[in-house]
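Got a structure for you, questions after.
Order as written gives the chain letters A, B, C, D, E and F; numbering starts at 1 within each chain.
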């Protein structure tokens, strides 16, 4: 049976909801350079959520495919057509409503898989407000880039040094993962060499256009591969599984 | 080229945004009886949006897959696991933010394809607030069930009389359209005969459970077919195309 | 004794509040053509509320005399001076606060009589949010035009065919009811023949001025009469009484 | 012609709106002792508004008949059934929306007649937010008790000393004014002697019940009379007229 | 030991929180004429809070140093650089959050010392909303100018008559109290004679600049002295102590 | 002259506002282990702001002394009395209002010095919303821990390795800086050895108490010293000065 709620009937979901875990992927609609689609963050978080769900008998709620505002040095900021940003309050209310509805369906174990760096503070605020109201429900939030073993990191960043997660935007990890989950959407022929020249230690508003590469690529994606995407996906999904086992006593 | 923004790079979208139309499908996550998936409203609105986009050179924004609260006599109400409802304010802010972001990308023509009855007032409030701020942008909102020719209605409701759109929930039109767009997700073997016994002329809170059929099916889906779904989809898409031609001067 | 809370002392209300029903009329301030006053929706909902209250020993709360935004094809939209619209959130909070205050006064049975089409979704959102908080209170919401017997409809629309409730704005039903409740406010000499030429199946923003008749009259009011208003009022009030008997076990 | 917008057609209002003043009365639904109705604040503010409108060719917008939370020592607080209080945010949004709609109708001169002490800060916040947005519109807010000549005060408080406006609740001024505007609603036979024993110099939450007289009467109403109501009303209306002349250059 | 929470470790606060009183000073950042600093309202409310805390074994929470919008005739209004005003909703949420956090720390007795006239309604709205949620916590709110004995008033306003508290802005009481608490911040050499010429009985928006003295001084501060500040501070602190004893049974 | 707005008269501020920079420190009220006061984040951000102001002729706005919710592994979370957290929306509105008021005073250059890790996303959301409204104003936001040279880091973390900034809570950097700015408030005798045993790669709600050391100290503060505090403060202030020079063309 499918693990995606979107594909389930309500009766399918009824069987899983009280004992099972519900996994909520949160992505964004954001530029990812000349070679990746706008939905990279949704594709990766949903793809991982499905892998995790299969490991732990979970159901995957519909992916939240709009996210919080892209920042210049971790996503290109407001300069690129196609980046569709939510205000902080909107994302907070959206995540909060979905969580509350799951809880009203008697779900007691919720895992949020975040795929967009800028989302995190607003997701956590939503979780906090809901958690105060329903203290008997356990909610875990984890961004995928924090769940990778050093070994896989070393294999993925074999030639090119790891630039830090902020700049790893449309770069090797995201490109490889998108190649793994949706190879049809990666336009490798359009890939160029580009990257941020200088990282600022502060934020400027209005954002200065010149600090962001014109391509939207914040670091090189040169050595990306479907195989690296597979290593990453499997490693990350296994990591999440361990979190689920530990926090929810569940296999 | 794909017409789905989710599958486009930002440069793909850049080419289309200033002259083209952006189509925003709005669905829901809501029970649709024992034989249809929770995402029927998203599947249909997105499916139609893609058909329209192909006719008018439009781009389809990521489908809003959570909607406003299901009402007992048009969607089954709060009684079914898997129905995940947004509060009115949340949906208003969500739609409003997406519209504003499209407008900030210089999009001037936006068509909203609504697939969930209860969404409409809150979508329109969002549109009104944005429209006051950006009066030079034209926004059209149309629910799909209002865009069907009488001829196709007669063909679809050939044996079973049309029960009205409120009760046409998980029934012949929605089942046929889902068979057309996602035949793999229709579990026809689970289909039963069921329906609302008495329509109330008023709303009661808390909603009385007994007014809603236990299956969640508000009217029969017996005579549904993929062919009827095709008739509906093509008729509706053609109808929307005419709206686009009339309102946006666009082919 | 009066049934209007506005005319009661607090001690009068104290006697009725715990056992009785409180009826909350919700109207609007909206153009109603050249012959009807801006407060038609408030006049009719309050007039009916008083009739119902007399039948069921209820108290009528002060009428909410501002409503949600007038739509072009059900109220003339934003084009007419004197139409004073509330934002959706404002109406939601206003209705919600009044309900919560009644409940804090230990009222357990509340009937909302809606007199303005566009109000409904926002009233219901307010009711839903309050109802979740106070599940032991029963709240019924009913728009008056949904509570008419076919027999009276046939008598009222004897010469002129019924145009549907959206277009029945400032037309035969509203004119007749206003003649019944406040004959002094109907300027029959100013009545003209006018009406919507074409109903759109969709909404356009900014609203196109040309789709609304310049008079604000959406359908003919020609055959209106005080007698028809009396038939309607008595039929509707009797209908509401039956709802009250059924839902609140109350005579 | 009537000066009440509620009784005008949109064409009547159209004639007055651009040059004339619109007067918005704001009241409350609040206990006023055993002898006065719950709508005293609405009756007085609306009654005065009509008198002023007649002097300055103004239109009176529909009275806002729900107000901000009654305070124990200026209105009896939350202890009395029938007192229906709005939250601060709700009143702010309600007043703000009405003002904005008047302004969108090109009204440039607005006078708010406040009849409920506790409303003032929230009305002013609404006015401030709107005024920042529309700096070319002039808005004056004035509570009626601040617009009385010393001479009339002396005549009204001839036997009983003036207790201050906070305690002047359901007392001589309000009783006399209600006798003037709506003599049918004053139950003089139920009037008792009562009053606050000790005024606190601070606020306590939850409000202590014992500081408020059980009758809801905060000071004696013994020497009230219709004649005193007339003196007050005429004096106050004249005072407002002078404000209008001064601030709006209008007769 | 210090009574300021800002100077305590969490363990210091842990000892006092369950039995003790927490005192929350609320000030503003607002012009106070040519001779007083922008933080007068914060200085005075915090200074008094510390004196009260020492008398009743209380802890003083960090002073809220931004307040609600200055009004022209009680603070100079929006005309003076350095007056930094909060919107009403912001102040309500800010005060509400701080109260709720104290209550979550099991504090049961809270005293709010208000030092800015315009704050009061919004502080009380915040208190009301929190108090409804936590009815077992007692919260007292008191503005300092309401807690002065007649005897001290007479001594302070010995030469110059008391102008009323609205106009007592940057005048004798506030100047003397600032001289007492922060003599280093009073620039007596810059003091001039100035004052409001005419008090309006109503509010005008946009505020007319000419009604406010250019200096920002609303009444004379001529006879201010550190000694008067001491009399006031000691009298007020003693008054608050009596409130604490009475309302919280605490010495 | 003082650089603190709180100590300035409005005329002092008037001289500096149009050409100068306004610096807004944002702190928190949060446990900082057994040896540091609750206001560490406010003390450090305000102390640095004053140092910067002196270098660039800036004015320091009143420090926002309440911050966003403490997280377990960067501040101890909700377990410690005295940690007083704001909701995200409250902090956003508070920062936004202060910025907007500065801008209404014609300030064009604003620097925000953040001293509390968890604040950042909500400060930036406030800045973004204001910046869209006032695009000609430049606003820079910078957390102090991102503005330290490697050389000083090496000198400060000479014996103890740097644990990362999340865990550097009440540890060597914060302790040394507090010793530098407010030596009187550091209780070195109460310092113990403590620290987080395991860093989670995800967030759990409700927060599990056992992951936070009972003392609230997340890493050792053993080798802290006033001298290190001085190195840090001077290095950081110099760093900020360079930012100001670069972004605001100002010395």
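The rule is simple: a contact is a pair of C-beta atoms (placed from the backbone, for glycine too) under 8 Å apart; a residue touches a chain by one contact, two chains touch by 3 or more.
In this text the structure is predicted, and so the values were computed from the model without any measurement.
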> When every step has to jump to a touching chain, what is the lowest number of steps that links chain C to chain F?
Replying inline: 3
>> Since chain B and chain C are copies of the same chain sequence, what is the angle of the rotation superposing the Cα atoms of one on the other, rounded to the nearest 5°?
In response: 180
> What is the distance in Å between the mean C-alpha positions of chain E and chain F?
Replying inline: 27
> How big is the gap, in whole Å, between where the Cα atoms of chain B centre and where those of chain D centre?
Replying inline: 48
> At what distance in angstrom does the C-alpha mean of chain E lie from that of chain B?
Replying inline: 56
> Out of chain D, which residues touch more than one other chain, so two or more?
Replying inline: 87, 89
> What order results when the ring of chains is traversed from chain D, passing next through chain E?
Replying inline: D, E, F, A, B, C
> So in the complex, which bits of chain A are touching chain F?
Replying inline: 69, 71, 87-89, 92, 118, 120-122, 124-125, 127-129, 131, 135, 138-143, 146-147, 201-206, 239, 243, 247
> Considering the complex alone, what residue numbers of chain F touch chain E?
Replying inline: 5-14, 17, 29, 31-39, 42, 61-66, 78, 80-87, 89-90, 93-94, 96-98, 101-102, 104-106, 185, 187, 190, 216
